[in-house]
Amino acid sequence: MESRARIKALLKKLMNRKVMISVLALVMAMVTSGIIIKLSGYSPVEAIMAIFEGAFNGKSAIARTLVQATPLILSGLAFTVAQKAQLINLGVEGQLYLGALATAMVGSMDLGVPGGLHLIFAILVGMLVGGLYAGIVGVMKVRFGSNEVIATIMLNSIAILVANYFVSGPWKAVGSVTGQTEKVLDQVRLARLIPHTQLTLAIAVAIISCLIMKWFFDHTVPGYEIKVVGQNKTAAKVAGIQTGKIVILSMLLSGAIGGLAGGLHVLGVDGRFITGFSPGYGFSGIAVAALGAGSPIGVIVSGLIFGVIRSGSMLLDLKTDIPLTYADVVQALVIIFVATPMLITEMIHKSKRVVSAMNPSSKKGEES
Amino acid sequence: TPASEGTAVEKVDAGDSAGETSSSRVGIVLTTGGLGDKNFNDMAYDGLVQAKEDLAIEFDYVEPKVVSDYVSHFRMYAESGEYELILGLGADQADAIAEVASEFPEQKFSLVDSAADLSGVRTVYTDWTHQTFLCGVIAGLETKAGNLENANEENVVGVVLGMEYPILLEGVMGFTSGVKYVNPDAEVLQATVGDFSDPAKGKEIALSMYNRGADFIQHIAGASGLGVFNAAKEENRYAFGVGGNQNHNAPDYIVATSIRNVNEMVYNEVVLALEDKWVPGPTGSGLKEGSVGYSVEGSNVVLSESTIKIVEEVKAMIINGELQPCRTIEELDAWVGNNQYFQ
Amino acid sequence: MNDIVRMTDISKVYPSSNVRALDHVDFTLKKGEIHSLLGENGAGKSTLMKILYGMNAPYSGEVVIYGEKKIMSKPIHAIELGISMVHQHFMLTPVMTVAENIVIGREPRKGILFDRESAEREIQKMIDTYGFNLSPKAKVEDLSTGEQQRVEILKAMYGGAGIIILDEPTAVLTPQEVNDLFAIMRRLKADGKTIVIITHKLKETINIADRASVLRDGKMIRTDIQVKDTTIEELSRYMVGRDVELGIQRPSLEIGEVAFEVRNLNLVEREHSILKQINLKVHRGEILGIAGIEGNGQSELLEVLTGVRKPTSMELRKNGELLKGDARAFIDQGIGHVPEDRMSQGLVASMSIMENLILGYHKRPQFSKRGLLKDTEIEEFSDQMIEEYRIKAPGSRTPCKMLSGGNQQKVVIARIFSEDPDIIIIAQPTRGVDIGAMEYIHSRMLDLRDEGKAILLLSADLDEVRNLSDRLLVIYEGEIVAEAERNQMNESEIGLYMTGSRSQKSGE
Amino acid sequence: MSFLQDNMVYILVATISMSIPLILASLGGIFSARSGIMALGLESMMMTGAFTAVVGTYFSGNAYVGLLAGMGGGALISYLYGILCIRYKVNQVIAGVGLNLLALSATTLLTELIWGNRGSSPQVASIQLNLSFLSKVPVIGKILEGQSILLLITGVFVCVAWFVLFKTVYGLRLRIVGENPKAASTMGLKVKAIKYQGVIICGMLAGLGGAYLSIDHIDLFQRNMTAGRGYIAVVIMILGRYHPFYVVVAALIFGFSDAIQIYLQGQGIPSQLMQTIPYVVTLFVLAFGVKHIRPPAGIGMHEDDH
């Protein structure tokens, strides 16, 4: 009996408003895209089945889903962290790029250190580079009052161009015909958790990073100060918090997480830096952060959801005639619906009204 | 289904095995550019459509979002075990296809457009320098002669790149050495759009070259090249297409296309696989095989007989090995010193 | 019947906080009266008036205006009926000019063009009539709070509304300005206008109103009180439900040695001399009050003395020792600071009470250790503060934005007072706070003083400064122009110094 | 440098033609931002405009119909943006990025459904009218003669925008709404309606900017052909302090540095590094030129916020 009550309590906790709305939004996005798919003459059932099969059917499918989710979770986290200080870091893409490049370079050099150390060093350098690159924005903001939206958009383009220059020129792998660095040493590659998949500990690192950030914001002094600065800069100043330092710190942190996303991708998936390796993870991160509703825990959940869509759409692509563009449409719709909780609440209200109109005896329920 | 005007496939003799293998499936991993590029991917797709018609095969295709996804796609094909042949496209798939091929030694893998030597994988490559060299020769001859209606006095031509990828720079060198082979004093301008799908910027870049005296521009810029054609029309100058025959895009202004018959290459791989003639290892395919070259078909620009004669002569020289286009910018000066058509 | 507004059975629940702000309230306005609406913080005064102004739909109940039943769901409905409102929190656009702010929504125009000249001319005329010191061309962001209040009042008058609602218009005005405002109100009344005024200062109600109504916890406790037949004590009893000690005067028991000394303080910014040669001393066991009209450098003085702003020159001593540094250093040195605007400077509205109670002191060992917050200790501390300071809130985790103004002020005060600072710099401690809370805050301040703290009090509320201060300074245009011991100067004398009509300095 | 001088006329010609779509889009952005909605969805409006312009031209055979269709397309998606941000109070960054993704995938999908190719449309008619009648004007005649009639239209729009924003009652109201929606609402303004208007004007102008790219500058729609110009337009709008004239200056600075880099390419410096020039210049202008830009205070706020 008692355990039943506990499960009930747990369910109640899980079914809170935020979660309900996110779930309903997903359903709405699915239904809408289903209609679009149907209108274009394809079978929505087939599409959804393919997506679920591609994401969950078998070990390698699940592995693929987790691999896809990893950079999304981290990019979403990077955006969320900056957002806590009320900073819009549209530059995660650039930070991720440079982080990946730095990790790849360090990883491909023979430093004569043991593997584990080398790996950690490579990751840390990636984080440092990503962090410093974002730090520029923080410094510009504090020093010159520069708008971070402009600065990050500009720095994105610069990062991508400069990285492309290095990997097509001075740092290009010998004999390679595409823009890429040398392979990283085997000792710095992340070990595969399941053979013949790309699944590595990277996903664990991503999830742990989210947990750490949640803990950081809830229980540490700098986390607290970031939140205060984000919510009320004047009050923070009056309380003796050095707002400039905090702004820079948040950007550094956010950029470091972006750099980590890039570094893990290099060491876990590609084994080197390859031009164009990111399909806009930085921007998808904004969507992930939106779905995660500003909470690092939410980011894990939403990163996984986007991972499912991306991984599932690979099978959709392979198995059906439905063009891959539909998967993009689904993703965009998910973002839009999830970002629109009021639409969902409105619909709930309307449907309640309809129900109560059809069924006058249930009118009491409206009061509550 | 994606259309691809002007990429007609010349039929390779399919032998008489077509009937028996009606249930064979072929899978292809396209490049990150995806279908609709009216080029590489669309041509490969057309090759398979042709194969489906001629050889009664079935085929599946996937369009990866990013380079990192290649491995997953190859593995999904291989794991299903349903495919007679798994095709890859583009040099950047080499790592991925090699990794999966090592896990599935029984499976046939072919990678089109890569020269890498990968165990268990058949790679077929074309030479970029061979692809653009002959259009370079045309440009070199015509910009100096100035006979064509819209050619000018100045001895300047240009190349527009989409992005500065190492492999595309070979295409630039092919064109440049082609120009210099017949016209060593010509200036070859070069600029990069920074995007493969920004025709507006492509046009601006082409205009900047035409303004500086160029009268012929070779683009290697994907859809950004459409802007180059537009600039040619507007400025009354000439351009060269790349990949599939693009001459119809602006027949009065596009002199020729630096052709690469990816469709034929793909088609051939299917034939080989069905006929059990498939063997792993790298195979070159160039001017001789007809996989690359120039095509004036569909263009309204009439080249003089002497030009055509010289181009064909040069083509023959490359095919029989008398002439090798220059490959790198560093070697160019020395190469020009040693290789001249008009002594 | 000359009831031009009749609100019956009005109820309102805010869905976001689930607060029943109004509970079956009836309210009427008679033509040509000045009606004072009273009640503690959070009683529902603003809510009721916002419903009348169409800003608070949906509500339940009936609103009848000029005898006709109306549904007030948008301000435009009220505006069209000739109702205007001065809001408790300013509704001004800082980057725009006085004239633009006032005429918006009913702009003089030439075709599609905004007729700026005639707008400015009209506003200037109003300014002249009411004797305000304002320029229609000035940007609102350059105005002091008092001046902004005047803009709000002009906004309400512009367009000739018949019913004018003033929600705490006097909170930031000097006595002189209050008198001016009241003169205007009487004139408007003579013109046949009907006015509602919300205020926490019962003296003002007695002074200006014809009738009064009292709300408590969303219920109308008394309505139709004839002001001429009542007293401050009676009104305060209606509001709070008990007797309130108003205007506590408790002279210092023992004034100790100098605890806090400022010498040679000057502040020049953008070639404007904002603070000029300020010298002051606060002793242990003393409250030093600084009176002055808003915009005469008090805000800057406060910021300099708490390390938020860098002065051009200053020598600051605490217990004889030279003090330097930023806000952090000042806090660490035991200088407590209650900022003048709680919402923008004192609190992080979206954060919880407990998070706000440690703000600025979060690095103290009792709240954190090596960068980690001590969650249990913080929560215990917070629960204790809520009890001790009688903060009306569901719990420590309630966000501050859900509290009423008075309770928010208590959070700030509790934070500073509980940290046992030697010196307390406190500005506008009871602005917008109801009489019950005011009584409490004042008595706490006096207790602290009696414990030997040195307190520097800045306030625009002259009664407050006069009652609490053991010594009083008057500031005018960044200069200390007068100094007096308790009860040495009367209200009108201080008023003369505050407006610069008189100066001890020039008299020397 | 004399090389640049020799080509200065061409560089200026390129500057102008590359700036036109940016000016139009940022001009639109001003209306949106000034009404309180940060136009991060400009990219989607430009892209949709570019697409519908080609659709309109394709089916009517008339590029001027196409221009109108481009404005309509931009307006349509901006209306959606408005519904999200105004009615449903969606976070504007997220709504913008979401719509940008939607516009990219939707235009790709429709390109495929209409023309059977998901990369690009067929070639369509394009705007042919240019300013050749100005060729006689001394000095600038050379720069202007080849420019499209849209340059003239852009210039007119810039002036009209300035006039509307700062001289008319409507502009005053729009700006008040963007600065302080609550105050505007208490003064009886129809805040939501004004915001919708701001956003839709934004969509029409950005759509026109997109149409310039697709049926004026060239003559077809190519998937993702706006190539991030919408984001650049946001940058230019902010850099131009949300003011029509300064936005023109900011766009010309960006366009000019972009044109310079095109002409400087192939002079030995790696092309990728040359391509960073406009971005680096913008950063420098941001850091040392226009400090502390103050956005409209009401961005992201709603009239019924408490």
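Each chain gets a letter, A, B, C and D, in the order it is written, and its residues are counted from 1.
Here is the rule we use: contacts are C-beta pairs under 8 Å (C-beta built on N, C-alpha and C of every residue); 3 or more make two chains touch, one makes a residue touch a chain.
Everything numeric in this text was worked out from a predicted model, so none of it was measured.
Enquirer: Check every other chain and keep only those touching both chain B and chain D; list them.
Expert: A
Enquirer: Cα centroid separation between chain B and chain C, in whole Å?
Expert: Roughly 76 Å, centre to centre.
Enquirer: When the C-alpha atoms of chain C and chain D are each averaged to a single point, how far apart are the two points in Å?
Expert: 45
Enquirer: From the C-alpha centre of chain A to that of chain B, how far is it in Å?
Expert: 37
Enquirer: Please set out, as single numbers or ranges, the residues of chain D touching at least two other chains.
Expert: Only 108, 112, 118, 270, 272, 275 qualify.
Enquirer: Which residues does chain B have that touch at least 2 chains other than itself?
Expert: 34, 164, 194
Enquirer: Considering chain A alone, which of its residues make contact with at least two other chains?
Expert: Within chain A, the residues that touch at least two other chains are 161, 164-165, 168.
Enquirer: Name the touching chain pairs, would you?
Expert: All chain pairs meeting the touch criterion are A-B, A-C, A-D, B-D, C-D.
Enquirer: Can you check the complex and tell me which residues of chain D touch chain A?
Expert: Interface residues on the chain D side: 40, 84, 87-91, 93-95, 97-99, 101-102, 104-106, 108-109, 112-113, 118, 228, 231-232, 234-235, 238-239, 270, 272-273, 275-276, 279-280, 282-283, 286-288, 291-293, 295.
Enquirer: Quick one: which bits of chain C touch chain D in the complex? Just the residue numbers, please.
Expert: That would be residues 14, 16, 53, 55, 74-76, 79-80, 85, 87, 91-96, 100-101, 104-105, 107, 109, 112-114, 155 of chain C.
Enquirer: For chain B, which residues are in contact with chain A within the complex?
Expert: Touch residues, chain B against chain A: 27, 32, 34, 60, 62-63, 65-69, 71-73, 75-77, 79, 91-92, 95, 103, 114-115, 163-167, 170, 194.
Enquirer: For chain A, which residues count as touching chain D in their complex?
Expert: These residues of chain A touch chain D: 40, 88, 90, 140, 143-147, 149-151, 153-155, 157-158, 161-162, 164-165, 168-169, 283, 286-287, 289-290, 323, 325-326, 328-329, 331-333, 335-336, 339-340, 342-343.
Enquirer: Hey, which residues of chain B end up touching chain D in the complex?
Expert: 1-4, 34-38, 42, 161, 164, 189-192, 194-195, 197-201, 203-205, 207-208, 211-212, 223, 226-227, 230, 249
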